[in-house]
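Heads up, the next two complexes both have chain A, just with different partners, chain B and then chain C.
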Partner chain A sequence: MVSNSNINNVKTKTIGEIFSKDPKIICRNVDVFYGEKQAIKDVSIDIASREIISFIGPSGCGKSTFLRCLNRMNDTIDTCKVKGSISLDKEDIYDEKIDVVTLRAKIGMVFQKPNPFPKSIYENVAYGPKIHGLSSSKEELDFIVENSLKDSGLWEEVKDRLQSPGTGLSGGQQQRLCIARAIAVSPEIILMDEPCSALDPIATAKIEELINQLGKNYSIVIVTHSMQQAARISQRTAYFHLGELIEVGETKKIFTMPEDKQTEAYISGRIG
Partner chain B sequence: MVNEHILSSFDDDLHKLNKDLLKLAKLATEQFVNSIDNFSTQNIEEIDKLISKDKNLDDLDEKIQQLGFEIIALRAPQAEDLRRVISALKISTVLERIGDYSRNISNRTKALCELSSDDIPGVNIGKMGLVTQEMLEDVIIAYKDKDSDLSIKVRDTDVVIDKMNTKLYQEVLSSMSRNKKNIVSGTHILFIAKSIERVGDYVTDIAEHNYFLINGKPLSDNRPKADKTSLYGID
Partner chain C sequence: MNKNNSKMLTADEASKIVASSVIRRRKKNARLKTYGRIAIGLAVSFLIFLFVSIFSKGIPGFFQYYVTLDVYLDRDRLDPKGDLSPESLYNGDARSIVLESLYKVIKPKGRKEKKAAKKIISSNADVRISKMVLDDPNILGKIIPITFAVDDDIDSFLRGYIKRETPSSERRINDKVIKFVDKLSAENKISYKFSDYILTGSASRSPEIAGIKGAFIGSMLTLAVCFIIAFPLGVATAVYLEEFAPKNKITEIIEVNINNLAAVPSVVFGILGLAIFIGIFGMPRSIPLLGGMVLALMTLPTIIISSRAAIRAVPPSIKDAAYGIGASKLQTIFHHVLPLAMPGMLTGTIIGMAQALGETAPLLMIGMVAFIVDIPGGVTDPGTVLPVQIFMWADFAERMFIQKTSSAIIVLLVFLILMNAAAVILRKRLERRW
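For the complex of A and B:
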C-alpha cells in the first residue's frame, strides 16, 4: 500500500498541475532505464478517475515508454528497469504480490496497429472474460460480448456475422474490435498508444467519438502524434520532451497559452 | 515569433498576413492624418482623393480576412500563432473602420467648405486630431515591437481624447446657441469631433488586441473614460 503522506509534497520541475482531486493512478518520481540509457526522468503525475488525458511530444520523448509503465508492459523487456512509484487506487502496481495478468485486465491497452486474434469476432471479445472467469454461463458470456461490441460502436456492423474472422474486418473496425476486447474484461483504465495512426479520417473520427463516450466510464490515457486529436478528445494534455514531463494542464490552456516555451514551440510546429 | 516553423510555408503565410496588416495600418494612418489636414486646408481636390481611396482599405481588409481564414483552415495555428491570426483579423476590421471614420470626417469637411467661414465655430479640431494621430502611430509601433507597456500607455491616453471631445462639444453648443447661423456648421463639427473620438476608441481596441496577442490574456476593463457628452444638459 502506498502511504498517503508526501504524495502531494513531491518536488517536480514539471510546469502545471500534476495533481488530481480524484486520482486513479498516482505516479511519483518515475525513472525508466533501458540498460544504461535513461528514457524517463523523474516523472510525477496523477491520472484522475474518468478523465481523458493525452500524452504528446516528439518521437523518442518517452511518452509511449511511460504509458507502458502504467500496466507493466515494460516487464516484457529484459533490460527495462522502472524506479519510483506507480499506484492504482493507492496499491503499488510494482509490488511483487501484484498479479500482472489481473493488473492488465484492470488497465487495458489498445495498440497502434489493430491486432485482433486469428479467431472469430465473437471469440476475440469472449476470450478475456473466459480466462478471467468473468462469466458463469454461455448466456452471460453472450451478454458481455454484445455489450462490449455495443460500447465500442461495432455491434450494428457485426451482429449478423459474429462467427466471421476478426481479421476480415476493416482497419477501423478491427481497432474498435480491439477496444471491445479491452473493455470486455471490465477495466478501470484504458491505455491507448496511437490508436488511430493506421486509420483513415472517417475511422479515426469514429474511434475519437468512441473515446469521448468511453471517457464517461473509464480513465483513458492516450499517446498521440496528432495534436489536433489531443485537442479534440482530451481534457488534460501532458507534454514530454527528452524523457521529462515538461508541462501538463487543461488541454484548452496547453493549446492556447502554454506556459513553457518548449511546449509552445512543439505545438506550434517549431520543433519536432 | 519564437523561431521559425518546420513547415516554411506556414511562416510565409504568417509573414504575408503581418505584412498586409502593417500595410493597412499605414494606409489607415495616412487617411486619418490627411482627413485632419484637409479640415484645416479645405482643399476639395485632396478631400475627394481621400474619399476615393477608402476602397483600397476595404479591399485590403477583405484580403486579410480571406488569408486569415485560410491559415486557420489549412494550418490549424496554435498558441501564439492562433492569437496572432485572430488579433490580425480583429485589428484589420478596426483599421478598416478607422478608414471609414476618416472618410466621414472628409465628407463633413467637404460640406463645411461650402459654408461661409464666418458661420463656423472656432474650435481646435486639429489638436484633438494630433493626439489621436500620435496614439494611432504608437499603437502600430507597439504591435510591431510587441510592446505591452506602450499598448497600455496608448489605451490610457484615450481619456485625453474623451476630455477634448467633451470640451469641444460644450464650446460648439455654446457657439450654436449664441449664433443660429452656426447650427449647420456646428452640427458637422460635432460629428467630426465624434468621429475623431471614435477613432480614439478604435485605437484603444487595437492596444487591447496587442496586449492579448503578447500576453495571452485580456487587458482589464477598468480603463479611464471621460466622454461626458451624452450627459450634457442633465443637471
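For the complex of A and C:
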C-alpha cells in the first residue's frame, strides 16, 4: 500500500493539475531507463476513474513508454528498468507480490497496429475470458463474446461470420475487434497506443465514437499524435516532451490557454 | 565534377554521360544473366544425367526372369512327418521335386549335365514350395505350374550381360547351362516380370532373391526413433533459447556451439554414439533404437536452428496482443507462438529427417552394416537401413546387385522426394497470414 499522506505531497516540475479527486492509477516520480538511456524523467500523474486522458507530444517523447509502464508491458524488454511508484487502487503494481497476469486482466491494452490473432473472430474475443476462466459454460462465453462485440460496435457487422478469420476484416474492424478482445475480460482501464494511426478517417471516426462510449465505464488512457483527436475525445490531456511530463490539465484549457511555452509551441505546430 | 573547372554539369552534359554509361551497365546485366543461365543449365544437365543413369539401371532391377515349371507336389517328400507343421515342411525335400520337374523339360543326360541344370533355378525355390504348401495344403499331390526365379547368373545371361560369344572358360556359366536355358526359352518356360523379391525380400547373398524390405523397415524404425527424440528436444531447446534464456555469455556460447554442431561431419556423431551409447551404456549394436539416437544427435542442430528462426519470425505484435490481455508467458508460447511457428519448425524437422534418412557413415560406426536376414520387428531387433543396404550391395561382386543397388537408390530417392514434398505441403497448409 502506498501511504495516503505522501501521495499528494510530491515535488514536480509539471505544470497544471496532476492530481485527481478519484484516482485509479497514481504514478509518482516515475523514471524509466533503457539500459543507460533515461526515457522517462520524474513523471507524476493521477489517472481518475472513468476518465479519458490523452498523452500527446512529439515522437520519441516517451508517451508510449510511459503508457506501457502502466500495465508492465515493458517487462518483456530486458534492458528496461522502472523506478518510482505506480499504483493501481493504491496497490503498487511493481510490487513483487503482484502477478502481471492479474494486472493485465485489469488493465487492457489496444495497440497501434491492429493485431488480431490469426484465429476466428469468435476465438479472438473468447481467448481472454477462456484463459482467465471467466466463463463456466459455452453459453456464458457466447454471451461475453456477443456483448463485447456489441460494445465495440462490431456485432452487426460480424454476427453472421464469427467463425471467419479475424485477420480477414478491414483495418478499422480489426482494431474494433482488438478493443472487443480487450473489454471481453472486463478490465477497469484500457490503454490505447495510437489506436487510429493506421486507420482511414472513417474508421478513425468510428473508433473515436467508440472510445467516447467506453469512457462511461472505463478509464481510458490514449496516446495520440493527432491533437484534434485528443481535443475531441479526452477530458484531460498530458503533454510530454523529451521524457518529461511538461503540462497536464483539462483538455479545453491545454488547447486554448497552455501555461507552458513548450506546450503552446507544440499545440500551435511549432515543435513536433 | 571537373577538377580544373569546378562547376556543376549542365543537364545536357549529365544526360550524355549517363547515356554512355547505360550501355555499359546493360552489357554487364546481360553478361550476368548469361552466366546465371549457364550455371542453371549445367546444374539441370547434371541432374538429368543422374536421374537417367539411376533410372535406366534401376528400373530393370525391379524386374527379373522367372521360369515356370509343372511341379508334382509329392506328399511324402514334401511333408515327411505328415502333420503339415512348418518344421515338417521345411525338412521336406522340395529341392528334388523342383529339379525333377526341371529335368522333365530339359532332359539332362549324365551327372555333369544334371550338375549344370542345378544352377538354373534359384536356391530359394524350395522355400517357395514349402510356403505355398503351408498356405494351402490342398495342393499336395497335385501337378501345378509354379514360377521360380532363375539364378542370378542366368538372369544376367538372359539380359545379355553374360555374352554367348565369350569363351566358356571366362564365363560364369558354361555351355551346358546355356543349352538348357535355350531349351527352356524355346519351350516358352521363361518369363520376365516384376520382381517378387525386390520390395518384399530382405538381405540375401543370392542377388535374385535379395530385397529391400528389411532395410526399409529398419529405416522407418530408425527415423521414428530419431523423430521422437529430436523433435521435442529440438523444439524445447529452441523455445528456451528464444523466449527464456537470459542474454549473456553462456547463452551466446551455447548458440555458437549449436551452429557449429550443424557443420560437424556426421561420422563424428557415429563415433560419439559408439563411444557413449555402446561403450559406456553398453547398448547392443546394430539396433534401430541406437541408430535413431545417433541420427537424433545429428539432426538436433538442424531442428534447433530452423525452429529458432521460425519462432523469431512470429510477429511481436501477436505476442504483445497475448501479453496485453494477460496471457502468461507459457500461454503465449503454447497458444500463439508455437502454432504460428509450427510450419517453419516442421519444415526444418522434415529436412533434418530427410538428411537422416540418407545418412550412412554414422550408422556404419554403430554396426548397422551387419548382414541381417531377418526383418526387424521392433526398435531393439538388429537391422540395417536403406543407404547402408545400398552401400553393401554396391560392394558385392554379382552383376545383378548393380541393378538392385540402383533400384534401392530409386526407392530411397522416391522417399526423399516424398518427404520434401510433405514439407512443402505442410508449410502451405499450416501457413497463416497475419
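Definition applied: the second predicted complex is superposed on the first by the 272 of 272 C-alpha atoms of A that agree within 3 Å, B and C clash if a C-alpha of one lies under 4 Å from a C-alpha of the other, contacts with A are read in each partner's own complex, and residues count from 1 in each chain.
Everything below uses one rule, namely that a residue touches a chain if its C-beta (ideal position, glycine included) is under 8 Å from a C-beta of that chain, and two chains touch if they have at least 3 such contacts.
Model, not experiment: these values are computed from the prediction.
**Student:** What is the contact status of A:G269 with respect to chain B (first) and chain C (second): first, second, both, or neither?
**Tutor:** first
**Student:** Per the overlay, which chain contacts more chain A residues, chain B or chain C?
**Tutor:** With both complexes superposed on chain A, more residues of chain A are touched by C.
**Student:** What is the contact status of A:K261 with respect to chain B (first) and chain C (second): first, second, both, or neither?
**Tutor:** first
**Student:** After superposition on the shared chain, which partner residues are touched by A:F19: those of chain B (first), chain C (second), both, or neither?
**Tutor:** neither
**Student:** In the superposed arrangement, does A:R104 touch chain B (first), chain C (second), both or neither?
**Tutor:** Second partner only.
**Student:** Mind working out whether A:F33 is in touch with chain B, chain C, both or neither, as first, second, both or neither?
**Tutor:** Neither partner.
**Student:** So in the complex, which bits of chain C are touching chain A?
**Tutor:** Within the complex, chain C contacts chain A at residues 246-247, 315, 317-328, 331, 335-336, 340, 432-434.
**Student:** In their complex, what parts of chain A are in touch with chain C?
**Tutor:** For this pair, the touching residues of chain A are 71, 73, 76, 78, 100-105, 108-111, 113, 115-118, 127-128, 131-132, 165, 167, 178, 181-182, 184-185.
**Student:** What part of chain A is in contact with chain B in the complex they form?
**Tutor:** Against chain B, the touching part of chain A is residues 227-228, 255-258, 261, 264-265, 267-272.
**Student:** For chain B, which residues are in contact with chain A within the complex?
**Tutor:** Touch list, chain B to chain A: 2-7, 10, 76-83, 216-217.
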